[in-house]
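Both complexes below contain chain A, partnered by chain B and then by chain C.
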Partner chain A sequence: MNKNDLTLEELLIAAKKSKDFTRIERSINGTKIYLSYFNTLVDHEIIQKSLLPYLNSPFLKNIDDISDKLPIEDITFTEDVNEIYLKLYKGHVILQNEHSPNECILLNIHNATLGLRQNNDAENEFSVIGPKVGFVEDLDTNLNLLRRKVNSQKLIIEEMIIGNMSKTRVAIVYLDGITNEQHINTVRERLKNLNFDIIWDTSVLEQIIRDHKHTPFPLLLSTERIDRIVYTLVNGQVTIFSDGSPNAISGPATLLDFFISPEDYYLNWVLGSFFRVIRILGILFSVFSSSIYVAVLTFHYEVIPKDLLGPLIESRANVPFPPVLEVLFLETTIELLREAGARLPTKVGQTLGIVGGIVIGQAAVAAALTSNVLLIIVSLSALASFTTPIIVMGNTIRILRFFFIVFSAFLGGFGIIIGIMFLLGHLFRLKSLGSPYIVPLYPFRRNSLADSFIRSPLSTLNKRAPYLRPKQLMKFYVKEMRIHKGDLNDEE
Partner chain B sequence: MKTTIKEQYLVSTFFTFFLVHSSQTGLALLGFQDNISKNAQQDAWVSVILTGIVIHFILWLIYKILDEKHPDLMAIHHYCYGKVIGNCLSFFVLLYFLLQSLTVFWGYIEIIQVWVYPTLKTWQLGIVLGILIYYLVSGGFRLLTGFSFWGVVLPSFLLILIYFPIKYAKTTITLLPILNHSIGDILLSAKASTLLFLGFEWILIYYPFIKDANKSQKWAQFGTLYSTILYLIITLISFIFYNQEALQHTPWPTLKMVKIVHFPFVERFEYIFIFIWLLVIISPLCISIWACTRITRRLTRIPPKISLFVFLIMIVTATTSTKDFRSVEKISTITSEIGFYFIYTYIPLLFLIKHIKMKRNKSF
Partner chain C sequence: MKNKISKQKGILGRGILTFLLIMGVSGCAPQKVIDEIGIMHTIGVDLVNNKIMGSVLYPDFTDDKNLMLVTAEADNLTTLKTNLDLKLQYPMELGQLRVLVLGDTLSKAGFSRVLESLNKDPSVGMINVVVADHSSRQFLQSIIKSPPLFLSDLIEQATEYEGLPDTSILTMQYQYFGEGIDVYLPNVKLDNQNKVELNGMSIFKKDKLKLRLSQKETFLFKTINEKNKKGTYPFKIRKNEKEANIGIQSLSGKHNIDINLAENEVLIKLNLNCELKGLPNWMDIRKVEELQQIAEKSMTNDIENMLVKLQKNQVDPLGLGMIYRSKSKIWSEDDFYKRVYPAFRFKVRTKIVFSQYGVVK
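For the complex of A and B:
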């Protein structure tokens, strides 16, 4: 934290400039005491019911009795001006007596939940099956939600204050004895060394502490779902919460983590694996479909079989533009729709979505701006990009699409493969909190493949991912496998 | 000279399999059948096996030459010949590696131009490929190992395509009569098939980058075995698919075989095949250039990024300097000739010299 060399006097004078600063005078047994606080930050009910009546009561003989007699939980004695400064602005009441004004008693009467929502349906990362409660803006609520799921002495919560203006509480959460020290230390060091004014959201923290600045890929997993965070913790990852943000971030993350939905684990493994494969295929389709369209129609129409070529040419017959312009036009339209959809008020949003999607699409074909086939391809790939369980990754996928379209417009199929090489080369370089980003694909880890493209039965997922170097490899031991092996084996 | 590499830059032992195998597969696989069948004709598959066996032996020699004290070629050269002569020899090896990468670079661009883009200029392709290689090689050896791994795993689905030539080739009579050629013919064909296996000698340079390198011989031998089996299969299938007469007049027999592949949604599969083949050749291409920069680094103080840039400029300009298609063939012949003598003469010689020197040192 930045040290300011204010004395207590100066601090109070500076605070007095604001209208909401309050200083009142009371006396206990003839000794004058002063109460100073910001009335916009404190809980008035507590002040009126639990603080002021007690100050006048006969029980209180001495000022030192306060900590015993007052029905307030968080009471500290201090002379440290920095601490006083910090706590005054976090809703504490400063209590001074006239004889020794530098010895302050700080009473925590912060109205922490004023103006914050109390609960949150995980709307951005929805799942049909499974719990639907998400994190909220209040840090303590979030940690409470977390503690409810993980009832263990291993769950450790560390706190720091970050941001020279916002003084935001940031919590580092991990499982002691499971998470590798190295990851925890990396997070601690990076948070300690960062300089920033206001921590708006954990996504800001993610951008500041990430390993590489110049990449479209999210390097730490950001989520509002409780089950997801618990899953990362149990696997031996480190989680960061920040006050005022309904998202927690977890690391070290890998590329595949972003394509895994908690719902995969709530369905049985056959269905879970199937949907996961569908999702990954959809994402590949989303990245490559429009660039393949450009490459094929610009350079290699020979690769299309005769019977398919006719309808394709026919649908494009009236379009006056080269394929790349056609694709860029339609892709930009879709991006526009998405962006508008995200910004519009919910009530208008749905109507406009229908107008945008159906009317504009049909009109564009009728006006010969695009072909029918391309309309299908682009809208399907837009749809597919939304199957990513983590929204940020969906954005990355859409950016990649433009990257490949540009490459294929210049060099056709060769351009696409060159683009893939650049992408692979980029992914091989990326690191998340110092661990490789595309593990288990490279460095190749065979035993981590059980929970990657497919989701194996839960009883086989009893090991933590070795690439996270957990201090305890086994999550649980499978005592007996109650698997029905078929009637032939039943002797009795 | 420092020869130990930091732990974080090392690659796991079993990656040696992929490094060795991917260095051996490459451009030569697309059109080697006409060369190797020139002498031994339908018996050339025996030559492939023969070469494979000899390569196993050479690989064993290389592992005998390298040890903890002298983990790469430059250190061996220093030990055997002293500083000046050793460095000169290392420089010649650098030139040979550079020639190898030029062959692959040029050959791939030629294939792209002949098969897919007749109108695209060489310099355009050259610059794009050059930038890609710069980006990848500057990522270091670990990244290249990743490419060699995925360059083996991903394209292995192309092996399914074997089904198509087998479907069309109704007879195996083209393989008969078996072994009616003289040993001389078979040896000449074996010499021609050496080109297929070239590339494994880069292990002389990247050996110190392998974790527990002295235990990696098993994987390296497996890699070579896999290459031999792969070449054997492809040789046999092309001998079944073509008759010997036709084979002699077909420039890229493997690609011609891929031409007959077609699916309901895709024709001219060889386009896709050629594009995916970039995945196969990119790792040997990058590793050979990386080996050049590594030698430069060990001999001089030039930083790798600069030497890499210079080498790439040299390769791209050499590629664009002539328009004659024959020159690719010429340079490939020269490279395989040099490679042939390098592995069959120079490596055994190095082995002998090193062991004589070791014995003499011991007796003192």
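For the complex of A and C:
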């Protein structure tokens, strides 16, 4: 918005420097009109079928008839240069009249889906049960998908334009009368105060508006799944969409939110709880297993069960390095494999997985660079780190592992405890949109535990999480549904 | 804004300082990398010319898991470790010690020298202590071909199922330092084919070996002393000039020991659930009550004899002194052994229920 001093003339001259800027001259009843647009942004089909023929037709007597007669939905009259500037670069056609060149008519002929992918499978956050549709790079499609699921006048979508270069449309979505205004205001203020050139993705937004800069933990939930976003909205969180990004971000988020998969709610509560517990145990294993290996093998040989002692010593006997170097070597190898796998095309990636996983692993043991036991521990913990439903959190888990390995290498079990204290201290400090990050655990909220480590039956999950301070606590009211044995026998 | 940045730098600086301090402190943490220490599983201690002779069995995992035996002599346990280390590739560590074998010379002279220095080592965990009936070195030599944890597993198994008393260095310390109870430990010996055999238990007066009980007596002792009452009890049965020896297997049960101060009487109640396995042909399985009575009578008799034997030898592994001490206002250990204990009369009430009969013809 800092181009306030620009006139329309200057704007058009500046635009003319680009090759894709087009200016056409036509006449309506003898009056000359000018069409100016970027041909890379507009939909040529509409221009040829719906715009140019009508301009030449006899229906159009007057320039003022345009809004009535043209079969184009979004038509605005304006003299505001700023608005013209903004909309020209969003694919609008400027229609000028030779008598009053400053009064412009803006026609929205933006080709919104040009070059965007059509496939919107939720590939990164796949679930076997439940919908598989995810968000795409187009904001309108995303909001359309959201509106389809939430059919309520409470769903409010606010839009603003952010990025002095990209002019990206960013949408704040919340449920009116449910979401606490404090959260909405926080998001609104932070987005307003934001100053950035190009909003590449919502993940960039997340980094800019998050509460703490120096933390490996993601503070806002980022997801491509529709059901997940709807769930956060219904619970009273605020969601941010940005045009050009297939991920939406939601907040205030808590640590446990990142370990919850939508699939937990599609399975019955016994299975859902079981898988959730497995996932959390897996994450603990992933964070601590290699550091405990280092601590035990370097400092605390006393705690090894007697039957495990033989296999452990045997597998380590030929390894020339201390346990810590052994672990760091293998962990780095796994990280390299992961990183290479992520960068390579899918087909090559599969081959690499086999080569890396099996061949390198076996060869490393055969070459006495690592022990067999460690190979199992490290690959299991890598596997466990992939169980996090949100990928960003999986990355955090892997970083934490190195942190603990270093601590355990210096001080053994005592070092791990010190590391845990540092970690807890850090987690206690974290906030997401001003709310505590590890909330059902600290500050302790007993009532919110029903949907934390376990997933209680759906009928008991009829309250929103109180720590989000929703303006309406109940989601729905449970009707007593009981089948009496007598009722079934009545017909006899 | 500027203020805020400097504050953050301060936090970062403090973090780095903390990390450096941790690095500094860590210089002192002793590393014991698992494949660079000598893991000893079994240690035998003898007394030779008033010097402690330690024999250590340690597994060599790099080479076919063979057990190796190394022996050294010293005046005390600390120097013993040094003298052992001088003969070995890696320093010996006590943390994975499982069994301590007391040689006959040491158990007769008193084990306190060994126990009191083992007490002070925090890396020593649950160790089974057994008493050999001759030199422990000779004993260890005979199990050198077995798997590394043979002796430890043997003791564990026999304690669980075969009526060996459940002891460890912890119960030993409790009994040794506590008043009104005496130390008892399982016996090991070599049979005539030079194989290891667990056989009954030894009872110590203070730290000196006083009395050995047979395996049968040990099982009876266990039934009135521990919760786990598994084991077998053999007894004789005679009817119509026919004689047979029957073994019954005890499965579970309860016991209760009470001292009647006024009458100097120790009342022991014992209920056992047993399994009957195999009867001679001439016995009728339907007359099981008869068999029960015979078994109860035989067991009562045996327990009373065992208790009298303990009483005569002035040892109290059952902890009757402790029970007495909890009831009587006056307590003096000397007085108890001199005056009170010899005066005790024992009354045992045994009740046996055959809850399982095995396979019946």
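Note that the second predicted complex is superposed on the first by the 476 of 492 C-alpha atoms of A that agree within 3 Å, B and C clash if a C-alpha of one lies under 4 Å from a C-alpha of the other, contacts with A are read in each partner's own complex, and residues count from 1 in each chain.
The rule is short, and it goes like this: a contact is a pair of C-beta atoms (placed from the backbone, for glycine too) under 8 Å apart; a residue touches a chain by one contact, two chains touch by 3 or more.
Computed from a predicted model, the values in this text were never measured in an experiment.
> For A:Leu411, decide between first (touching chain B), second (touching chain C), both and neither.
In the superposed model, A:Leu411 contacts both chain B and chain C.
> Contact-wise, after the overlay, does A:Phe386 reach chain B, chain C, both or neither (first, second, both, neither)?
A:Phe386 contacts neither chain B nor chain C.
> Applying the touch criterion given at the start, work out whether A:Tyr89 contacts chain B, chain C, both or neither, answering first, second, both or neither.
After superposing on A, A:Tyr89 lies clear of both chain B and chain C.
> By the touch definition at the top of the document, which applies to A:Leu312: first (chain B), second (chain C), both, or neither?
The second partner, chain C, only.
> In the overlaid three-chain picture, which partner chain does A:Arg429 touch, first (chain B) or second (chain C), both, or neither?
In the superposition, A:Arg429 contacts chain B only.
> Applying the touch criterion given at the start, work out whether A:Phe476 contacts chain B, chain C, both or neither, answering first, second, both or neither.
neither
> Please work out whether A:Ile304 is in contact with chain B alone, chain C alone, both, or neither, and reply first, second, both or neither.
both
> Under the stated touch criterion, which partner chain does A:Pro443 make contact with: chain B (first), chain C (second), both, or neither?
It touches chain B, and chain C stays clear.
> Return first, second, both or neither, reflecting whether A:His214 touches chain B, chain C, both chains, or no partner chain.
It touches chain C, and chain B stays clear.
> Would you mind listing the overlap between the chain B footprint and the chain C footprint on chain A?
299, 302, 304, 306, 411-412, 414, 418
> If you look only at chain C, which of its residues touch chain A in the complex?
Per the touch definition, chain C meets chain A at residues 8, 12, 22-23, 25-26, 29-35, 37, 39, 41, 59, 61-62, 65, 93, 95-96, 98, 123, 125, 148-149, 152.
> Which of the residues in chain A come into contact with chain B in the complex?
Going through chain A, the ones touching chain B are 299-300, 302-306, 308, 411-414, 416-418, 421-422, 424-425, 428-429, 441-444.
> If you look only at chain A, which of its residues touch chain C in the complex?
Those in contact with chain C are residues 214, 296-299, 301-302, 304, 306-307, 309-310, 312-314, 316-319, 322-323, 407, 410-412, 414-415, 418.
> Could you list, by residue number, the parts of chain B that touch chain A in their complex?
Answer in residue numbers: 12, 112, 116-117, 120, 125, 128-129, 132, 135-136, 139, 142-143, 146-147, 149-150, 262, 264-269, 271-272, 275-276, 278-279, 282.
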